[in-house]
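First the structure, then my questions, so here it is.
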Amino acid sequence: MSGIIGIYEKNNMGVAFLAHLGLMALQHRGQQSAGIAVCNKEEIRCLKNKGLVSDVFTQESLNELKGNMCLGHVKYGMEAADVIEYTEPFCLSDKFSCKAMAMSGSFVNGQKLKRDLLEQGSILTTNSDVELFACLIGKSKTDKILEAVSDAMKIIKGSYTITILTENEIIAVRDPLGIKPLTIGELKDGYAISSESCAFDIMGGKLIRDVLPGEIVLINENGLESYQTKKDEIKAICAFEYVYFARPDSYMDKLSINRARERAGEILYKEHPVDADVVIVIPDSGTPAALGFSKESKIPFANGLLKNRYVGRTFIEPTQSMREEGVKIKLNPMRDVVEGKRIVLVDDSIVRGTTTQNIIKALRNVGAKEIHVRISSPTVRASCYFGVDTSDEQNLIANILTVDEIRKKIGADSLGFISVEGLYKSLNSLGSGYCMGCFTKEYPMEV
Amino acid sequence: MSGIIGIYEKNNMGVAFLAHLGLMALQHRGQQSAGIAVCNKEEIRCLKNKGLVSDVFTQESLNELKGNMCLGHVKYGMEAADVIEYTEPFCLSDKFSCKAMAMSGSFVNGQKLKRDLLEQGSILTTNSDVELFACLIGKSKTDKILEAVSDAMKIIKGSYTITILTENEIIAVRDPLGIKPLTIGELKDGYAISSESCAFDIMGGKLIRDVLPGEIVLINENGLESYQTKKDEIKAICAFEYVYFARPDSYMDKLSINRARERAGEILYKEHPVDADVVIVIPDSGTPAALGFSKESKIPFANGLLKNRYVGRTFIEPTQSMREEGVKIKLNPMRDVVEGKRIVLVDDSIVRGTTTQNIIKALRNVGAKEIHVRISSPTVRASCYFGVDTSDEQNLIANILTVDEIRKKIGADSLGFISVEGLYKSLNSLGSGYCMGCFTKEYPMEV
Amino acid sequence: MSGIIGIYEKNNMGVAFLAHLGLMALQHRGQQSAGIAVCNKEEIRCLKNKGLVSDVFTQESLNELKGNMCLGHVKYGMEAADVIEYTEPFCLSDKFSCKAMAMSGSFVNGQKLKRDLLEQGSILTTNSDVELFACLIGKSKTDKILEAVSDAMKIIKGSYTITILTENEIIAVRDPLGIKPLTIGELKDGYAISSESCAFDIMGGKLIRDVLPGEIVLINENGLESYQTKKDEIKAICAFEYVYFARPDSYMDKLSINRARERAGEILYKEHPVDADVVIVIPDSGTPAALGFSKESKIPFANGLLKNRYVGRTFIEPTQSMREEGVKIKLNPMRDVVEGKRIVLVDDSIVRGTTTQNIIKALRNVGAKEIHVRISSPTVRASCYFGVDTSDEQNLIANILTVDEIRKKIGADSLGFISVEGLYKSLNSLGSGYCMGCFTKEYPMEV
Amino acid sequence: MSGIIGIYEKNNMGVAFLAHLGLMALQHRGQQSAGIAVCNKEEIRCLKNKGLVSDVFTQESLNELKGNMCLGHVKYGMEAADVIEYTEPFCLSDKFSCKAMAMSGSFVNGQKLKRDLLEQGSILTTNSDVELFACLIGKSKTDKILEAVSDAMKIIKGSYTITILTENEIIAVRDPLGIKPLTIGELKDGYAISSESCAFDIMGGKLIRDVLPGEIVLINENGLESYQTKKDEIKAICAFEYVYFARPDSYMDKLSINRARERAGEILYKEHPVDADVVIVIPDSGTPAALGFSKESKIPFANGLLKNRYVGRTFIEPTQSMREEGVKIKLNPMRDVVEGKRIVLVDDSIVRGTTTQNIIKALRNVGAKEIHVRISSPTVRASCYFGVDTSDEQNLIANILTVDEIRKKIGADSLGFISVEGLYKSLNSLGSGYCMGCFTKEYPMEV
């Protein structure tokens, strides 16, 4: 998914520190690389590298990124992981000026665009969509930057949110369907753009509104201006943002992510009621849904699985034989909560099913009497073409097995997924405005 | 506090991998350094360094630590943080054999012991208590290692748990009052020793029992043997382990840490009832108490503060002025949970009060109507002499201010601490068996 | 200056190891960054980073660079040192294929080319000349790669040697004046290109000939082909390569660098004879000239200054006061060689004069009776526009002071520079074929 | 061999910077680890680690080593290379005070001392001789530190030079035979001790004299005091220091190392005259001998082998087949110097013969007509028991083959070693005062 930030403050030459805070808040959107580009009226400087925000930046390096305008980016791991060239912001010169650009999303017509650009004499130094966007701007016939951006948007198909830093301004765009989220915040002395509103909280700012589908926002010393390109009739905001990606303290399209998830938990109970002793959750993203389920069902919530906060993404595993026994490295069941109890186990999604299966086994090992699995998203049955890495369709368990077959496979006593209608309802919608392609195989554009 | 591990498996030359897993589970007991020493019948090899377990070990380095007996150690940060000499296991030769030793605890008579040993001609290469213990063993008149250990225990006063790895066996000891926890686990092909039982879960083993106060445990190819030295009449298990240090999925003295905390939350409500809309908690250690409070009071529990999991221990802060505004870096209040609500804010302790004060301010900023603070430990009023780093007494807010003055200082509408009696009750005790010196200034030995 | 390598071996998928060796041999041409790009018929992979060759590559990383064609590059430190984007090989796609490119040299019309390309719609991601070359190739109207290269060479003015790796071949070009050196070597199973012939020795190959001024060389499975673009009437090989840059064991234009320097030393004595006890040298580059001076003058050569081989490029200096006393960190005078003696001190050039001044002071401190400085290049009076970083003209001591004023400043008893004619003679030339702009301010093209 | 430093300056709290410079000058004596311990009247602080001096220290870390007395150490690689515990200075407390100690040398009775100390109740944390020395001091019956040092020296047999830093003074000792070198220098505001005098040059100080065999030197605020313990009748200074180890700009026992080597070259020619065109050397340590040979023989000296200064100690080699072809990675023959010439190849020693063999092959490959090898030390036939790592006796080529057999093996046209008498002569001695055990198998003590 990636996360992007743009900041303009009239008289604060230390906006890189704000961007750093904002990227900490967006870290959940991408852990592959991080970068900040800053403009100090004379030149654009950029620091980016593989790793977490906390790996890439130091007090000293942020001090050297002086300027009152900047971009930030955290990268989600879809592309070749080791290639440092793919880190963003992407920096370049074109006929307009020097630029830095950061993007979250994915072009559907990227391969065709690439072929066309090469044929027309362009060279490309990365395999990224953001460079294609940059080339389109550079080749535009107009000498007005906003027109050039608007021209490029006409050629591109797909999901995207892009921030552009020039020597004079920050420009932010959101795709005409609004698939990816992008929000505008107010700071003490300026404005900020962020994939999610939680970044404004950490920066001491506040959310004003979402960037609209198809909108181009311009921020400079004159304040904030908006240009609406032709937008699509419909919106198609990614439902998976609400289900899984976004941070619960963010608001998207005026909706609290936390509240939407809690509501999904409530609806989930109504759709799949069960009699049990305790509601537990696979930490952390399913917690609001589990609390909603508990509230609606009056079944008490408890911490049934202890997460080891020190286990990182790469972990040295012991021998194969030990692994097969189901060593409880990241999650340890709480015997005193689980033993002899009828358990409701809530999670936000089942993609391949192996984690759920292992956890159920571990819960049985400490004496769970019954295990009822409740999932706060519908069955994931199709690939995403807009930037979510949902493995191949043949690996999606719900694409191969029926719900009851899944139940047997993972070893649950019962299994219920929220319905697509239930999910719409949790989003205050009667059935439109969201892309639910991964659940329904119906996409808002040809893919 | 530190955490220690000892493992013996008859035919598994890869016990270092098990120790690594165990140390991951004990990481919360110390993040300053980590180490593993292993014996392969011929020699003892040791790898240790500053940093987290995941920083110190790699697949390759664990592969080179071949052996079927080992020790592990994670160090709590009380001593000079940068001195690599203080990492453990401490390795040495003495008249008995080569050895590695790891310790959690603190000697009360360490300074005197040190003076005596130097006067008698010993040299000391660190300022650690574990080296004093090693010197006492080396100087013992006996040629039997267990007698030498027992002799050393007679001279030492304080809290300690120590594991010793020789070329032939693993020895584990616990101080006569049992101040520090130490448990015995069974593995597929041997035994393990650990500060906390949660390490056995991750290793695929299971808890057998606690090492008894004053007990010496010996593990070798003949199995496990026990020697009981003269123990004190009373036990004095550190109550703060139950309140804060231990992992909730551990069992100490047959008591579930999670259940003890939950019960403390229930008692806390009974002692300080309040009418409110929602119970929230400062994550993570107070959660069981908050759930207990919620259960007893029937006030629903919600996630009111979002913890940023990517913020590490060192953090680059922005300018002073921003910091003063209360930037929400680690914890962000959830507006949709808090706004317009009467809040019960549960935490496990108040030491200096500044964190609580900042959080209350942040909650008020997003519209909390009332804030009632409930603390699941009594007021911390005294230093610990047994290894817990509770700052100087003059920094302990409960040592300076009355409860009502604290309430005003932190800006709460009401404030309640569990009573000492209440805490005893949560531990299934009528008033003995625990060291509550930091709450009561009454210690189990002269300090 | 930078150093470049290109290697093609029909059946050796490990040419990256050869390139690594070759770059070790060219390390003296640039220590700022190093890189290797390799083609395995399907894709081009590249590893490059700041630092020395030995910092950038490991056995493992070379193993992963599988392929039978490759480029290598070591970068000389003229541009912004910290910007990792400037490392080469520069990798890109264009209408022909995927490519990697490496360059040594400098375009005289780079700024104009850049403006033109941006105006025509190109974007540029670095500030390097090699990217301009790549853009020109991509925009060429032809669909034949060699024609595209030839077209680009017509537009460019300056000094350059460039190697290009495509999916099918290696292409190497040298500027029409032949300012930068480039040589062709034969390997067991193919061919190599290198800035200097010493790289062939280390690779187990042998020098065939120089790439000719204006020549395009193509190496692929059919062997080596040559295309001669219009070349200039004259050659203008950089004389400073012979004086200072090149490794003494290299041959350029059939001339041994070592022998040319030795001859310069002989001529230097003839031009500036002196009666003395011992010839010493500032190590290492002046040694051949010093030996030539010793041979011609019959004054014995000795090691008068000991170089500390462990002192790197960055050095922690003690306090200012100590530095002013002339602490002998990198070079220590040998008292037993110098004391009471009349010294001839030979060096290859004086640019700013400070080093020479400090060394003379140090030699006087250990008792040198007379110090006669002899320099095996003419006075450096002008900037280089072709890639040599000779500081600003106002810092060139020979641009400000007369020879006798320099002598006084550095504290020598006598001072002699070889004449421009003498230098030509040492190169077997009567006065043409070389660029001596830095000595004469006469350049082979408009600058 | 290791190198040690001790510095006392009355009012300079930055002596760690001087020690750092001194260790740079002694780096040739050991590249395995480096360390500095400093005393600021209150405590002793130490920084040490594996690697070169330039790897271990930074401006910042030296700034934190405040104090006016310090020790430094560079470690030679004989012991287990990876064990960080073996780095020095070794820091400890004993009944006298806190201490740091650094040593160069090797105890002959170390194993016995170790057994005795363990039996008497000591514990040992390393396998180093310096800890044994520390234990002996701590166990001494006296309460006078100098007496304790003197007592320890009576028990120890072997070669050693040790510096000791206490809270009040620096103490330096040299073994009674004077096998290892140790010198005293004068600084602006105090004194320094160093394994070699070249360290004083770099520190801006000057050599006063050698520490005498069996001497204890004490430096504190009262200046320098000397105590002579019972010394042996004879001196037995290590001849290999003159031949190979020491830096040529050092003076030992009033003799210039450079001059001694030059003289050995002169004597070598007299002992093994030859008619040839050019004298070349395997850089760097044989250079003075080669220049002496050239001077005496009137055969001109030239640089015949180019050393690649960028090739470090660890080097990635290409495939085996390439290596067998004799890839010239570190040393490249200069064709223009060698081709068609009768060569004298001078080196300081032949230990296993493989390097010489490879170089001769490489010289033949570029057309050497004749190759006459001359070695400025006698044949190395025996192990060293005093700290020099001369591999096992069965690997010493001169222990297996006759001189003529060696000549055939390495492929030389003639081969001559200086005689033992010749080496004595080069040291201004008629046959005593030096340990030549590695050449003669006659050692100055039982081994």
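Labels for the chains are A, B, C and D, by order of writing; each one numbers its residues from 1.
Please note the rule applied: a residue touches a chain if its C-beta (ideal position, glycine included) is under 8 Å from a C-beta of that chain, and two chains touch if they have at least 3 such contacts.
Just so it is clear, the model here is predicted, and its values are computed rather than measured.
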Most widely separated chain from chain B, with each centre as the mean of CA atoms: C
Interchain centroid distance [CA atoms averaged], chain B/chain C, Å: 61
Inter-chain centre distance, chain A versus chain B - centres from mean C-alpha coordinates, in Å: 36
Where chain B and chain D are represented by their mean Cα positions, the distance between them in whole Å: 49
Shared interface positions of chain D, touching two or more other chains: none
Arrangement of touching chains [line / ring / star / complete / other]: ring
Complete list of chain pairs which touch one another: A-B, A-C, B-D, C-D
Residues of chain D touching chain B in the complex: 84-85, 90-95, 114, 118-119, 121-125, 131, 134-135, 137-140
List of chain C residues in touch with chain D within their complex: 14, 17-18, 20-21, 24-25, 27-28, 52-54, 57-59, 62, 198, 201-204, 247-249, 256, 258-259, 284, 287-288, 291, 295, 300-303, 306, 308-312, 315-316, 318-319, 322, 325-329, 332-337
